[in-house]
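Structure first, then comments.
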Amino acid sequence: MTQPLGIGMVGYGFMGRAHSQAWRTVGHMFELPLMPRLAAICGRNEHAVRAVAEQQGWPAWETDWRRLIERDDVDLVDVSTPGASHAEIAIAALEAGKHVLCEKPLANSVEEGEAMVAAAEQAAERGVHAMVGLNYRRVPAMAVARQLVADGRLGEIRHVRGTYLQDWLVDPDFPLVWRLQADEAGSGALGDLGVHLVDLLQFVTGDTLATVVGQAPTFIEERRAPDGEPGEVTVDDAALFQGRFTGGAVASLEVSRFATGRKNALRLELNGSLGSLSFDLERLNELELYEAGDNAGFRRVVVTEPTDPYMAAWWPPGHVIGWEHTFVHEMRDFVEGIAAGHPVAPTFADALQVQRVLEAVSRSHESGAWELVEERPVARRAAG
Amino acid sequence: MTQPLGIGMVGYGFMGRAHSQAWRTVGHMFELPLMPRLAAICGRNEHAVRAVAEQQGWPAWETDWRRLIERDDVDLVDVSTPGASHAEIAIAALEAGKHVLCEKPLANSVEEGEAMVAAAEQAAERGVHAMVGLNYRRVPAMAVARQLVADGRLGEIRHVRGTYLQDWLVDPDFPLVWRLQADEAGSGALGDLGVHLVDLLQFVTGDTLATVVGQAPTFIEERRAPDGEPGEVTVDDAALFQGRFTGGAVASLEVSRFATGRKNALRLELNGSLGSLSFDLERLNELELYEAGDNAGFRRVVVTEPTDPYMAAWWPPGHVIGWEHTFVHEMRDFVEGIAAGHPVAPTFADALQVQRVLEAVSRSHESGAWELVEERPVARRAAG
Amino acid sequence: MTQPLGIGMVGYGFMGRAHSQAWRTVGHMFELPLMPRLAAICGRNEHAVRAVAEQQGWPAWETDWRRLIERDDVDLVDVSTPGASHAEIAIAALEAGKHVLCEKPLANSVEEGEAMVAAAEQAAERGVHAMVGLNYRRVPAMAVARQLVADGRLGEIRHVRGTYLQDWLVDPDFPLVWRLQADEAGSGALGDLGVHLVDLLQFVTGDTLATVVGQAPTFIEERRAPDGEPGEVTVDDAALFQGRFTGGAVASLEVSRFATGRKNALRLELNGSLGSLSFDLERLNELELYEAGDNAGFRRVVVTEPTDPYMAAWWPPGHVIGWEHTFVHEMRDFVEGIAAGHPVAPTFADALQVQRVLEAVSRSHESGAWELVEERPVARRAAG
Amino acid sequence: MTQPLGIGMVGYGFMGRAHSQAWRTVGHMFELPLMPRLAAICGRNEHAVRAVAEQQGWPAWETDWRRLIERDDVDLVDVSTPGASHAEIAIAALEAGKHVLCEKPLANSVEEGEAMVAAAEQAAERGVHAMVGLNYRRVPAMAVARQLVADGRLGEIRHVRGTYLQDWLVDPDFPLVWRLQADEAGSGALGDLGVHLVDLLQFVTGDTLATVVGQAPTFIEERRAPDGEPGEVTVDDAALFQGRFTGGAVASLEVSRFATGRKNALRLELNGSLGSLSFDLERLNELELYEAGDNAGFRRVVVTEPTDPYMAAWWPPGHVIGWEHTFVHEMRDFVEGIAAGHPVAPTFADALQVQRVLEAVSRSHESGAWELVEERPVARRAAG
């Protein structure tokens, strides 16, 4: 009989719903060494969290995350709150001996992130593990892409190109919500979308950005709060930056919440000396791959074969999966790592390095010049 | 407190897994008037069904479907077995007062289908309902398409064009499995893929095929059984047919398991006097829509807005769903119908009409001439 | 010094303009053994033909095509009139010892076509050649496709699928022009578009349709003539047919002038035992090719490499060509054949066989049954 | 009778062939106020220029461009040589009273460009006109795009995004040709491709780049000359830059000759407050347009309607044009401007401004910081 793994979750917004669905699903679709079992969910508003618990199938609820951490039936804490509270909760959970899955971004500042990395390193020595939920690594097409690059199928990578475009701020009457205020959200498109884009491009290339230059404009500087009061937007609406990878590739990146008509358009392209690949998250079951040869051309690979990463667990070829499946894959990988006693990427250290890239972009926006991505000594990285 | 609805499922192959996932999910993602609760699963092989029950979260199992039907904790029987056993199980379940969700095709013969329709009609009088799982109606883009046609946005429909192409039989060494033998499978591509294609095109147009002509070739007539013995393929590998709709539109349809490189390519196009639409199941979150006007062109609508059918239950715009979500939607609709006491399309009568279309194609393959789709009096249709 | 080849053209409508541009161009872009020289153009209306001659660069004009044929400076007669006059002009020109390039369709009836074939055979014995302008064979991507099939790269062809869709008749106020009247136009979409589609599919497969079944509906049966008088549409608006090729492949074909939003959408797909290809004339520089293998997928080949057929004469890779270039290629091939003294496909006999296919579709429309494509003894075919 | 306009061309490489074809064609496809007549072509190698003249239909040739300029039968000098000689030839031609069509780039340095602008201004006072051949403005889809922006259909433009990607330098054995040496070519991808991209984005937006930051890397720094001797590549292989437009939009741009699999991929996207558009030169007959509304989505407009710019001169809807047609359109516009006595954009001053943008990118590559695009007083701009 498979041993259970009790899950406690903090946060119950949109991301909480996605994680709940994934935790309910992962043990049924994959053969796991530990069986995740929903234990308790936590939110500050008792009325609300109780309703969510009932709707989402959590048998218990808490209103104080410290109580959640203390529960004996919780082995793993899933931190799905906004970034401002990640450090406090995650560190406390790790210290209490609970594994931690922390939603991205790691934290709202590099300082908080560093404390989290330190806590994760200490916990790892006690066999307690921490992972960050940068779920787009778990798109099967992206796992294929990383493998193609690692196998040298594209040769030496020269160009990396990526955009992550949304349009939900185009309407000037969209209200001044917390995501548009720096003290709560940390940053705007840069932190929210840039963290995905940078992590994914570094994941696929197996390389890291060394230096960047860019800008992070705010197009609409004043909006009305939900109560009607005008207020200042204190985060960026978009960020455009370019960089150089440690291995020599050059990169163009752009994220925006003002790209009218683009809903969730994370697109990337890599050009290597032997081949190229491109991808669009709105068509996440497909990978475009170019390799030299007779009648060469970008081919549209439908990544749904049972030999493709993660796909044997799902459906026959051509029966596509969706966005939420990336969370199921993420949890599969983490649970396997926990059972095997090894860390699973992206670790807190991996995510901190992504934060350093974004911080360098912010510095460049201020300085108007190229900025180095700081390379302080960080924790040993997990394998992949 | 929402009243539970006990689910009993017969069958545990690929389709059983998809249904299990949908039954586990639907009550958490949608607000339902009755809460589906997995009660028991049934399969002939005790060892196997026990393993599936454990893996898929069914608290009990049976090895005789008659026992499943008798269980007090089962309110609804989900028939996910091959078509040959649908009639016997579904009729018995309805007679026992259990709602029935029957996977497509309705049955392997029109005669069986007629008996099922009769049983469903009698059951309906007792408030017991039956629905067929033609899940592609539940793709949100298809619900949008049907509404656009119904609202007259495309004008009078002139052309209907559809293909459903797979390629899993291209390899001549693929073995002679039950799906390639007429006595078990009824027919080949025609029954397996044609039933989806015909139902979907009739659903979107709101019209029915009146007359057809076509062929149903078998490309590889002998294959080896899994035990190595050569045997005859007794079903069609593909079917090409055209027809005329009652409302005057003409149609071209084609299904195949020999379309190299096409994995699950259900594609359709409608041309009306005012506009057109097209769709590809491998990109099921998208609908291509053409309407006359300045700078007209086919536009790629990403059907993930909260105002789109079913989508408010899922994720933000551009966060795509997958193939299995269609089952969740199907169950949502059926549970709502059961609670409201009204039938939900496609009823057994709807599905029987689809079988009659396919039977007319088979007759045309034999006769080499146009064949009328029989229109025996069938049960009153459900609304939509 | 390259010897000149005097060109005389009959007809000066849209097709005449396209041919004029091609004749002006071909000798400058390709190295030819004979140098085409515009000699004279012919049209019944002197005022109009004179204006066209001046605009299009023809140094002389005639109002009687018999006079054009008699001219000493005319070595080749380009017949770009409507189909009803093709037989008379082409036969007279061949008898007068002039090479003939005849626009498609060969003729409006099989009988006329047979007479043309006989005349072409007799002329060929005197070294006088005849070719039909089925220009889509000259799309470089289609020449690549034919070669791939001939080389066995797709294996045994099982499925052939093609549509040629336009929408210029959707408007019910479009007038009753000559193209909608059987006595002048022969047939409607079937003759106009079907001749292209059938020829192209037979060209690419290297095979011929043996038997067909289908329908050729007229959606709007009455329209007003340009003078306002209502009249009957006596040709088909669309044709849907399927068939079997001599070599065993099955085919689905459809042509229409009522496919709203489709402007010139000649699309085809072939599925073979080893691979597949697809093509769209609105993107005529591209070929989609599928071949089995790791990470297989349909690849978009941009057919603009100097090694691609015809392309060394044009521009660097990725610098696309357009529709009219197919005529330049057609003339290149014909001029080379004339100089070398051998026939160039499609010969009159090739085009007559296409007419026989369309005639069989018309018969099937009447009979409601499968019809054999007649195979009367026809002239020896040209090589390719 | 239309008055002739004698054309003299300097240069006979790939671009000379494209211009020859366009000059031969433009008067036949468009109704022009002056009829272009090929007069003479000029090249230094008599043997070669004589062969080209014969092949391309030029009745005379010269080996000294000064002689060409002096010819009485030359009214317009088409400068299709590499950029290093543009200034000398164009200024001399203007001073001799000949209209000048100068291929892009205007010149290899801003200084030369300034002299050319001064010469063009003086010539204009004498009714002698100068235009630069930035032909992608003449893609019909781009003219539509500019009009949509100008009409406010996209609202306020926030994002401008463009890439121009080729791959002909990926092979390390590609030789060290003149285009890879700074003294002859000026710069690499930046000058060759960047000039097109910057001009096109400024044309479509009707706005100018005010400030830029970027890099221009060289991936392979040593190659062998055609004679086998190794030598240094002294130009950039790619350039990545971003900028801000005067009107407030932000821009991401990238050009490369190392984008494996991309042949001539000039792609752009604009996001405005009301809509968006995107374009790909490899599909130059198509424009993707997004406008808010019910069932909104990017629509693929096939820009081949007779109401589309330039298209009434060509073929029916859906009959696509190719790359070389842009030159025909360019010449049409210039000839009309000459006849009407007004300048036609892009003037030398327009092209000089583009050079200033590229120069700012080069400076930024050196300085590692944002650089202003210089705005010295330049000649009055032509209207459009």
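Order as written gives the chain letters A, B, C and D; numbering starts at 1 within each chain.
Throughout what follows, a contact is a pair of C-beta atoms (placed from the backbone, for glycine too) under 8 Å apart; a residue touches a chain by one contact, two chains touch by 3 or more.
Fair warning: this is a prediction, and the values are worked out from it, not measured in the lab.
Visitor: Where are there more C-beta contacts: A-D or A-C?
Guide: Ranking A-D and A-C by C-beta contacts puts A-D first.
Visitor: Half is the threshold here, strictly exceeded: which of B-C, B-D or C-D has more than half of its contact pairs identical to A-B by residue number?
Guide: Interface equivalent to A-B, from the options B-C, B-D or C-D: C-D.
Visitor: Between subunit A and subunit C, what is the separation of their C-alpha centroids in Å?
Guide: 55
Visitor: Calculate how many whole Å lie between the centre of subunit C and the centre of subunit D, each centre taken as the average of the chain's C-alpha atoms.
Guide: Result: the chain centres lie 36 Å from each other.
Visitor: Could you work out how far the Cα centre of subunit A sits from that of subunit D, in whole Å?
Guide: Roughly 42 Å, centre to centre.
Visitor: On subunit C, where are the residues touching two or more other chains?
Guide: Only 262, 290, 296-298, 302 qualify.
Visitor: For subunit B, which residues are in contact with subunit A within the complex?
Guide: 14, 17-18, 20-21, 24-25, 28-29, 31, 55-57, 166, 168, 262-265, 281-285, 302, 304, 314-325
Visitor: If you look only at subunit D, which of its residues touch subunit A in the complex?
Guide: For this pair, the touching residues of subunit D are 154, 158-159, 161, 163, 165, 167, 170, 172, 213-215, 217, 219, 238, 240-242, 244, 248, 250-252, 254, 256, 258-262, 271-276, 290, 292, 296-298, 368-370.
Visitor: Which residues of subunit D touch subunit B once you look at their complex with the stated criterion?
Guide: Where subunit D meets subunit B, its residues are 144, 148, 286-287, 289-290, 295-302.
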